[in-house]
């Protein structure tokens, strides 16, 4: 085998990009063709090219950067709270009977509760600024993390816990050094569910409460029947979301390099 | 409720008949597994066993007779529900680094490399960094895993995993060693080397060892006493003295040795046949 | 690229020198593990081995030399990247029920009971319900697990898991048996019983068997030929003929038998020492 | 000619105050319902969804605020939309006009004092939102530069004011009746002071639909006239309060004001105030919500309501 | 008694609510005391509208959830085990995951209108995310020797997926389904809030628009209670399904 020269590398890279984005490209092409075919009015389905143009204009004026930064900030701060809080509550529930007693029914009730209905209360308590938005996001996205943590900890092989106890690990150390890594695969799954949820709820909260942010911009566009603006928002959120989801998957791969899933499945 | 009375009587006897007080006292211990679904299994039935300080006891018995269960109880992993287990005179309440255990299925941390697995116990003992790194290397060397320090358990062969587990437990130098078929997955030669190393460590830094094995020769060779367990529900059937000069290379051919092996072999055989008989 | 030429030459030779065509042909197979992170390991290096129809071959070798890897390749679980493996004249492409395997770590389905595990293969063969239920019971009986039919693997002792794995593979009666230290976790007696059963099955419904073991005696007793592998990277070092009358109860004491055991023991020992030597 | 009755889907947002939420309660008065047409009344969260539904032919008769009408025509390009009837008008003399409250103790005594304050709204571009912006603009105040807009649901507005989350809030019926609001708040201005009569909400339908189903639509309008008149007839007031109570789960006593002089004006002939509508749409355009001036007369078709009214003479 | 202690935290929560409202920690217009909510609830049960609206809602939630479990599960497993599926489908899934489903309404309305179809689609899309991620990650982590085991006993590829990959993925998959179950109730309400003639979300929407918060919270609590019951039943089933995990 000759050493990899740049042409091979470039070819390989192109190949990956082409295959990876093939389906998206097809979707986008279908969109443009459909919109231009005249089947729909621009209000129903604006052409992709116009939407991109609009995004470009927003980028030039700086609106895009501000809105994106605000939405991301809200989503990521909430995500951090969900990750830390969710894992902590989940761990407490698995290791402490009192915590389990307290949280178990509350989670069962709180998880499927349509929390939007409490919006007026939240606005009155916390206002419409970041605190209230972040609170709404957190109460919506923390549950998957808690649930995943609990079920992950239940599934840990008891010999692993014994092993650590045997080598002198104290309860606190066990949590960090054994329970957490052993449960990590499923906790990561919970986080992978929670991250896009935080983005979704961030946008929805912005839509409901107005103000800056991608959701606010989309809501405004939608009120003024500005479809191009609405679809621009959809595209922007899709791109940001895609990056977040990908980043999370990469992080997972890094953290779980030891795990079975790091290997490509054989004998498929 | 006559158990408490019984126990105190028995404990008295132990102290009276042995010059050194036993380091591990297993007193009329029974263990019943109650799985959430499926049948209950009485794994141990009134097992009693005393192991003196620095003694090396081998545990033999048919498959499923409760050997692992007994180690788990002494290790403090399972709660002692009937009977009592004392270590150094105190009832066992929880696992602790005074009792190192090598699990039958290794129980390596899959997210740590070979080195990381071995280092873990040392960190927990609070050993300084340089020292523990050195010690980990020494033990990797000892079990012949040089070059695999940074491999994850999933990248090791069965025997290599087992050797990692052995190294991990030996490295943090517990006073008491509980070993559950520690050499089961090793080839004859590596096994011989490991046996020699174990003996060397045992002699240099004296430890009390309880060693489960299926190899009668190994048991007789390594142990001071061999406890033979009966088929399920497990009981201690007989305890045989097996003190030989471990440093004699010709020991395996010695008549006394071969006879001991035969004697124990027959004891185990009876049990296995009984176990088999019970089924049909 | 001279492999193809080489191979065809070699295959020719095989057919010429053996009266029956080999059922399993392993031809100059190498295997390199490339883990996602960590070092690459050359587990097998140009291994060649032919196993005739109905032959019983034992595989011996130091820990980590690639025995399991070789079985995985023959089983069709890992892709053959260099060299070739033919079974019944066809290159191995995928796993199939013609080659039954007993894994070193059992690989029982944790969500199925003992019975469910054994039934699984039979269901896949499309055996009628009554028949397969009966057959599962027979094999549970054979390995002495009556009473544990409905236990989950997590509720079994090490040896019991292993016996379940053996029963599962024997039950669906594959033409070729690949067994990776199948008796490693069994006590001497149960092991003896299992050996006898295996031989009985092998003689009654003839099979080709490749059998990895660390017990030299067992290898010599069971196998027609014993292949000794060298330390990593694994190669086949020697193949020794070991045809004895398996039905002679005194065989273990026979001079010829003991000599064979010694011969092979020494071969393995050299390898293990080499493996050890390599490290230091 | 066709035996199948025409399906008419009607939209509503707020119960009781939108006709579509209550007309079916008196369907026994209707003469043609079930024969030449049928009604489905569908609740929408807001106008954006209605505009999308109209565009997709999912909604035949929609109740749009004047601002939404301007947006539907100017931004969504719904050129064939037609105003066919009135729903209610704000500020008609002798009737209610939306009030805008501040706290008594806030020190805000005139609109100019709102500089730097927080102003509550139910959402940018709504009829009320535009009224606020227009009023404040008249007094020289611009959003963002001079005041902050805070969005919240209309029912929560009194609480937002009283809990000091907002300094000015719109009070529409029935939330304006909150006793604590009356006690601790005071009216800073009424909508009519700046906008005069506001044609708040109109019914619209697409021209294509009207043309195709003209006869059925006249039948429909006729029945609607009968029903809406019944509701506004003072002698039915007790029963009306019962219906409102059943729908909103609020006690009937709370509906004393409903369809009286204390309520906003509803035209008995369902005829909208086109002149006011033109003014309102112009304000919307002034504030920049739609680009171009809209000549609203082109989008009004009162023939249905007039024909129906003739039949009832 | 045991059950009582078990659910005591809920009682505490309810008490907290009642107190917060009675002590006017928050305006009672926005959060009426729980006792009044209960009164409103009893009224609505009597008139039967909770039941009729509930049935309409449950049908939508059930259909959306069912679809998301089947399609999401299959997709997740297929993405884990088939390269082509992964390459083709994964980018789309990854793109649609983080989209607020309500933002997609303009698109879904074009195809499905504002009827049950678009609501079910919305619930389906929203619930699919956790199921797919759970199935994907669970399927990727199934132990290789188990897969090999099944294959060597004659299971063909699809069969092996069903027999080994699905059960190995079960813990994660089930957890994903639990999340989806919860989300289905939330999404149900938000989709019905947008446009509806019937359903819990419709009730919540117009009661809220009318400022009738005690009746609105009665509906919210009904949804929460149904979700709670579903979650409890679901946990029971999970416990049985995963009994093999000691």
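Should a chain be cited, it is by its letter among A, B, C, D and E, assigned in written order, with residues numbered from 1 in that chain.
Definition applied: contacts are C-beta pairs under 8 Å (C-beta built on N, C-alpha and C of every residue); 3 or more make two chains touch, one makes a residue touch a chain.
What you are looking at is a predicted structure, and each value in this text was computed from that prediction instead of being measured.
Think of each touching pair as a link: the shortest run of links from chain A to chain B has 1 of them. Comparing chain pairs D-E and A-C by the number of C-beta pairs in contact, the larger count belongs to D-E.
Chain centre most remote from that of chain C: D (centre = mean of CA atoms). Centroids of chain D and chain E (each the mean of its C-alpha atoms) stand 36 Å apart. Spacing of chain C relative to chain E, judged by their CA centroids, is 49 angstrom. Chain geometry summary: the mean Cα position of chain A and that of chain D are 39 Å apart. Taken residue by residue, chain D touches two or more other chains at 52, 56, 153, 155-156, 159, 163, whereas all remaining positions touch fewer. Residue positions of chain E touching 2 or more other chains, listed in rising order: 27, 30, 106, 110, 143-144, 148, 151, 193, 208, 213, 243, 245-246.
Contacts with at least two other chains are made by residues 35, 37, 105, 152 of chain B.
Chain A meets chain C in the complex at residues 257, 262-263, 266-267.
Across the interface of their complex, chain A is touched by residues 46-48, 51-52, 55-56, 71-72, 75-78, 123-126, 149-153, 155-156, 159-160, 163, 165, 289-290 of chain D. Of all residues in chain C, only 33, 35, 38-39, 41, 60-64, 68, 104-105, 113, 141, 144, 146-147, 150-152, 155-160, 162-163, 181, 184-191, 193, 214-216, 265, 268-269, 271-273, 275-276, 279-280 touch chain B in the complex they form. The touching residues of chain E, when paired with chain A in their complex, are 5-10, 13, 26-27, 30-31, 80-82, 87-89, 91-92, 94-104, 106-107, 110, 129-130, 133-134, 137-138, 140-144, 147-148, 151, 157, 171-172, 174-176, 178-179, 181-186, 188-190, 193, 200-201, 204, 208, 213, 216-217, 220, 223-228, 230-232, 235, 242, 245-246. Taken together, the chain E residues at the contact with chain D in this complex read 27, 29-30, 40, 43-44, 105-106, 109-110, 113-114, 193-197, 202, 205-215.
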